[in-house]
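Per-chain numbering from 1; labels A, B, C and D assigned in written order.
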Amino acid sequence: MASPLFTIPGIIEGRFIGLLLNIVLASLVSYYIKYGKGIKIRRVPGLDAIEEAVGRSAEMGKPIVCSYGLDGFTYWTLAGLSILSHVARLAAKTGTRLIVPTGGSDASLIVRPVAEEIVKNAYLMEGEDDKYNPNDLPFLSGQQYAYVGGYVGIMQRTRPGAVIMVGSHYSDAMNIAETSNATGAITITSGSYISNVAALACASDYILIGEETSAAGAYLSDDMAQKASIRVQDIFKWLSLGLIIFGLLSYNAGSEFILNLLST
Amino acid sequence: MTTLIEYSIVAVGSFLAFCMFSTLYGKGNPLYSLAEESYLGFGTGLSIVMNVTYIWKTGILNIMAGDWVLIFAVVLGIMILFRVNSTYSYISRIPIAIVLGAQFGLSLRTIIFSGFIQQIQSVIQPLFSGGTQMLIYNWTIALCVLFMLTFFFYTTEFEGLLKTSSTFGEYLLYASFGAIFAQTFMGRLGLFIGFMQSYTVPSWEKPFLVGSLLLVFGIVYAMDKAGILEKFTPED
Amino acid sequence: MSNGGIWKTFAEYDRRYVYLALFIVVIGPLLSPIGVPISVSPSTRQYYEVINAVGEGDIVFFTLNTEFSGYNEIQSGIIASMRVFIENGAKIVIAVGHPEATSIPSMIFQDLNKELTENEYVYGEDYISLGYIFPNEAAVAALAEDFQGTVSQDWLGVPTAGTFLDEVKTWKDIDFISDYTTGLATTHVMNHFALRGTPMAVNCIGVMIPSSMNYLDTGVYLALLNSMRGGAELEYLTGHPASGLTAMDAFTFGHYMLIGFIVIGNLGYLMYTRKQTYGRGRKKQ
Amino acid sequence: MSEIIKTKEFQLSIMLISFLIVFIPYFLDIPALDAVSTKLITIAALVNVFTIALAVSSLVKRNMNFIQRKTRGWYFKAYMLITIVLMLVFSMFGLETGPYHWVMFAVVNPLSSVNYGILAFYMASTSARAFKARNTKAALLLITGVIVLLYQAPLTGTVFPGIEPVALYLTDTFGKAAGKMFLISITVGALVFGVRVLLGNEPSVLGIGGKE
């Protein structure tokens, strides 16, 4: 069992590294939000899939359904909204009808007006503001399964060419993805937790795996905070990669330094 | 001795359950709406009862027992209700700020340990000593985590070693998805079987189960054939 | 076979056939059980060892972080574990993380009536049901830090003062947490109790297995019982066959049915869909 | 006064203070602050529970709207509102017997169960449809999936004991590694998001900014 390398008076034993990492993370986030202008984010292949799906729907003259998740403002919702904005612009550009189911939880109530604003702006920026139809952003319900029922109903009635479901979806995701498939739509989804990702990887034509969603959102968005987040997350992934490699090497050479350091 | 109440619970329960299942028919129908609205209504009522009980027991009773500080909780709780009023909704922002601050405090102070530090520690395992099975496991986990992690770098261009590693990582991810999907299926199947079991044990319940199944799907099928399914289904 | 014949049917069958087949393979064996043999997995043995190490007078926090639906899946694990705690003479506190779960303890004790009588278990002295006390993360954290300041009555409003709960001041005074979960407050219970050092074992639904395993190998969870199958294996190990074991017929056939459909689908895909795709490709060129 | 409360800075400061009171005593040994922290956590738990009223109010408003407009099937919405009231009334007659108990077992129990149990059907049809060896990735998914599915059927293990080590290898190495990788990345994502909110970069989370 790993034991702390050292203790600092006043700091509870075993919690120093946790505190330090939190502080480093917070400092990095605020640094990159201020000075991270040049952060470049890799374009994830999922974006091409989205563009292709919208293009195909436009060709077929079918609508697209795009949802940004059913939670309140969370990390995934913000990514979902960035993608929604992109899809809305593509839809405006190609003259395709866009339907955005909203609601799904009580917390989602405060997200809805923001989503409306985003879609409206997208049409405005493409010079197609007359085509914006607020009725295409129906509020389905504040309850998860009533929301799903409504969502499924919309798909069954409108027979969309593409369904793009991003943001946080839970056990409802399979319900939506399966119905989308049954209606013959190109299904693009994102999964935020592992069991869902695995199931959606089977049920969808294309899936944005885990953080790919937020990376795609940050790539599309002008928001510095989102880009900074991706940068800091990458740094922490590099850090964990380094700790694992160095830890494995040193541990197998007989030193428990890394294990003990992490328990400090 | 089975009482009338028990019979009624099983009869109504199995009927409503199959009303819910009728969504599998692929079209909206009034029986599904009946089940859905029943669950929504009674479920919401239940939530209110339980949450009010929580406020009563944890808040009010403790205040009456002399824990005066908790009066703040009640005051702040009432302030949060102003959210529904557009003129005074700003009042609700104070309790929201307090709750959010506390929530982030609770989550940030713990997940760094359980979700980051300890996860890294758990990968650091012996790679050269121990039983064969353990070595195979340790090597596989270590390599999988490393390759999969590289698939998730976004601010670095994929070139050379990193590109190979991330491609490999993606393949490993898909291999793992198969295993995880199977476990997820097991779970969903278990939920379904467990439910069905609650209507087959004791065995006097069986006719209710089969009867409800036939009744509900029969009604839905007949309504569909008669073309009146949509007429009685509520709008979204 | 000009239209693809049987392979086409294999490749493109209506999904409602799958639904129908699932209904049949599940309801069939439940209506007339066969009793297929099962094997016990290592994780279940480990779980049994861990819960069986709880001794007389130990305070067990029995947390039901499940709705009714999850209870259906893991009830065999819940009842088998509860039986072990009762037979070992532990003091049991039940807390729930979903309003629906408040009605679950009565179902458990109805099933274990015999064990309660045999071991002379008295409500209030040996076991207490606290009801819905995990509405959110802060509530769980408050309980871990100041149990007495948070809990003063059981779920029906009977004061808990004077019971064994008087001993419980913080997370340190809980000897063991036995959690049954579909998600809900389990992560919070883990973060605010087990992460600090309270021993904890979990019985989760199948969907939660991949994410729960991470806490098993960091040692925060001492053991993990998997889904309904784990429950059935525990029934087998404890020598009290019940609902879990009888469900294993349907469980087996449900899995085989799915594999059957996968095989059929792949045959159809290989023999029909791929030919079609390639055929079209050649014509275009 | 109301002008001060409305400012973003005021709310952010309150959030930050509340955050620090909860966060600091977990790391630094300050018993006095620890006691304050515990009380604040209890208060936060209670305040949070009050939000149920907001949820109910929006549910009622929305359904009243359907009823007033007499949309198709409006009577279902009216029925729903009635059941909420019924449940409240029933709870007054005791939680272990009577009408409340009946509703819990005849209505809530089966419907809650089906709500999730129905996912078995979607999972089954998904795998029957999508588990096809279209390309290398799909083939990998198919192979591991089928092996684990076979193992999970309890009968298989008794007939072919050799499947257990293979299936456990897949779930306990590949599956676990993917879960671990996800957990690490989600944890860091959540931490970063928390910091962003606390730094005031996500005012919409506090309900500042967008229309309410």
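Convention: a residue touches a chain if its C-beta (ideal position, glycine included) is under 8 Å from a C-beta of that chain, and two chains touch if they have at least 3 such contacts.
Nothing here was measured: the structure is a model prediction, and the numbers come from that model.
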Exercise. Determine which of the two chain pairs, A-C or A-D, is joined by the larger number of C-beta pairs in contact.
Key: A-D
Quiz item: What is the distance in Å between the mean C-alpha positions of subunit A and subunit C?
Solution: 29
Quiz item: What whole-number Å value describes the gap between the mean CA coordinates of subunit A and subunit D?
Solution: 16
Quiz item: Which whole number of Å gives the spacing of the CA centres of subunit A and subunit B?
Solution: 19
Quiz prompt | subunit B and subunit C: spacing of chain centres that average the CA atoms, whole Å | solution = 13
Practice problem: Any chance you could list the residues of subunit A touching two or more other chains? | Solution: 15, 18, 22, 143, 145, 171, 178, 182, 193-195, 197-199, 201-202, 210-211, 233, 236-237, 240
Exercise. Mind pulling the residue numbers of subunit D that touch at least two other chains?
Key: 26-27, 41-42, 44-45, 48-49, 51, 54-55, 58-59, 104-105, 108-110, 112-117, 119-125, 127, 129, 131, 141-142, 145-146, 149, 152, 171-172, 175-176, 178-180, 182-186, 188, 190-191, 195, 198, 205, 207, 212
Self-check item: Residues of subunit C whose C-beta touches two or more other chains
Solution: 15, 19, 22, 69-70, 72, 100, 102, 135, 138-139, 141, 149-150, 207-211, 214, 217, 229, 251, 254-255, 258
Quiz item: Graph of touching chains, which shape: line, ring, star, complete, other?
Solution: complete
Practice problem: Would you tell me which residues of subunit D are touching subunit A in their complex? | Solution: 26-29, 51, 54-55, 58-59, 62, 115-116, 119, 122-123, 125-127, 129-131, 141, 178-179, 182, 184-186, 188-193, 195-196, 198-199, 201-202, 204-205, 207, 209-212
Quiz item: What residues on subunit C touch subunit B, complex-wise?
Solution: 16, 19, 22-23, 26-27, 30-31, 69-75, 99-100, 102, 131-133, 135, 137-139, 141, 149-153, 157, 190-192, 195, 205-210, 214-215, 217-220, 226-229, 243, 246-247, 250-251, 254-255, 258
Practice problem: Quick one: which bits of subunit C touch subunit D in the complex? Just the residue numbers, please. | Solution: 15, 18-19, 22, 36-39, 41-42, 67-70, 72, 100, 102-103, 106, 135-136, 138-139, 141-142, 145-146, 149-150, 155-156, 182, 209-211, 213-214, 217, 229, 232, 248, 251-259, 261-262, 264-266, 269-270
Self-check item: Interfacial residue positions of subunit B with respect to subunit D in the complex
Solution: 5, 8-10, 12-14, 16-17, 20-21, 23-24, 30, 33-35, 37-49, 51, 54-55, 58-59, 69-70, 72-74, 76-78, 80-81, 83-84, 86, 89-112, 115-116, 119-120, 122-123, 133, 136-137, 140-141, 144-145, 148-149, 152, 170-186, 188-189, 191-192, 194-195, 198, 231-235
Quiz item: Of all residues in subunit C, which touch subunit A in the complex?
Solution: 15, 207-208, 210-211
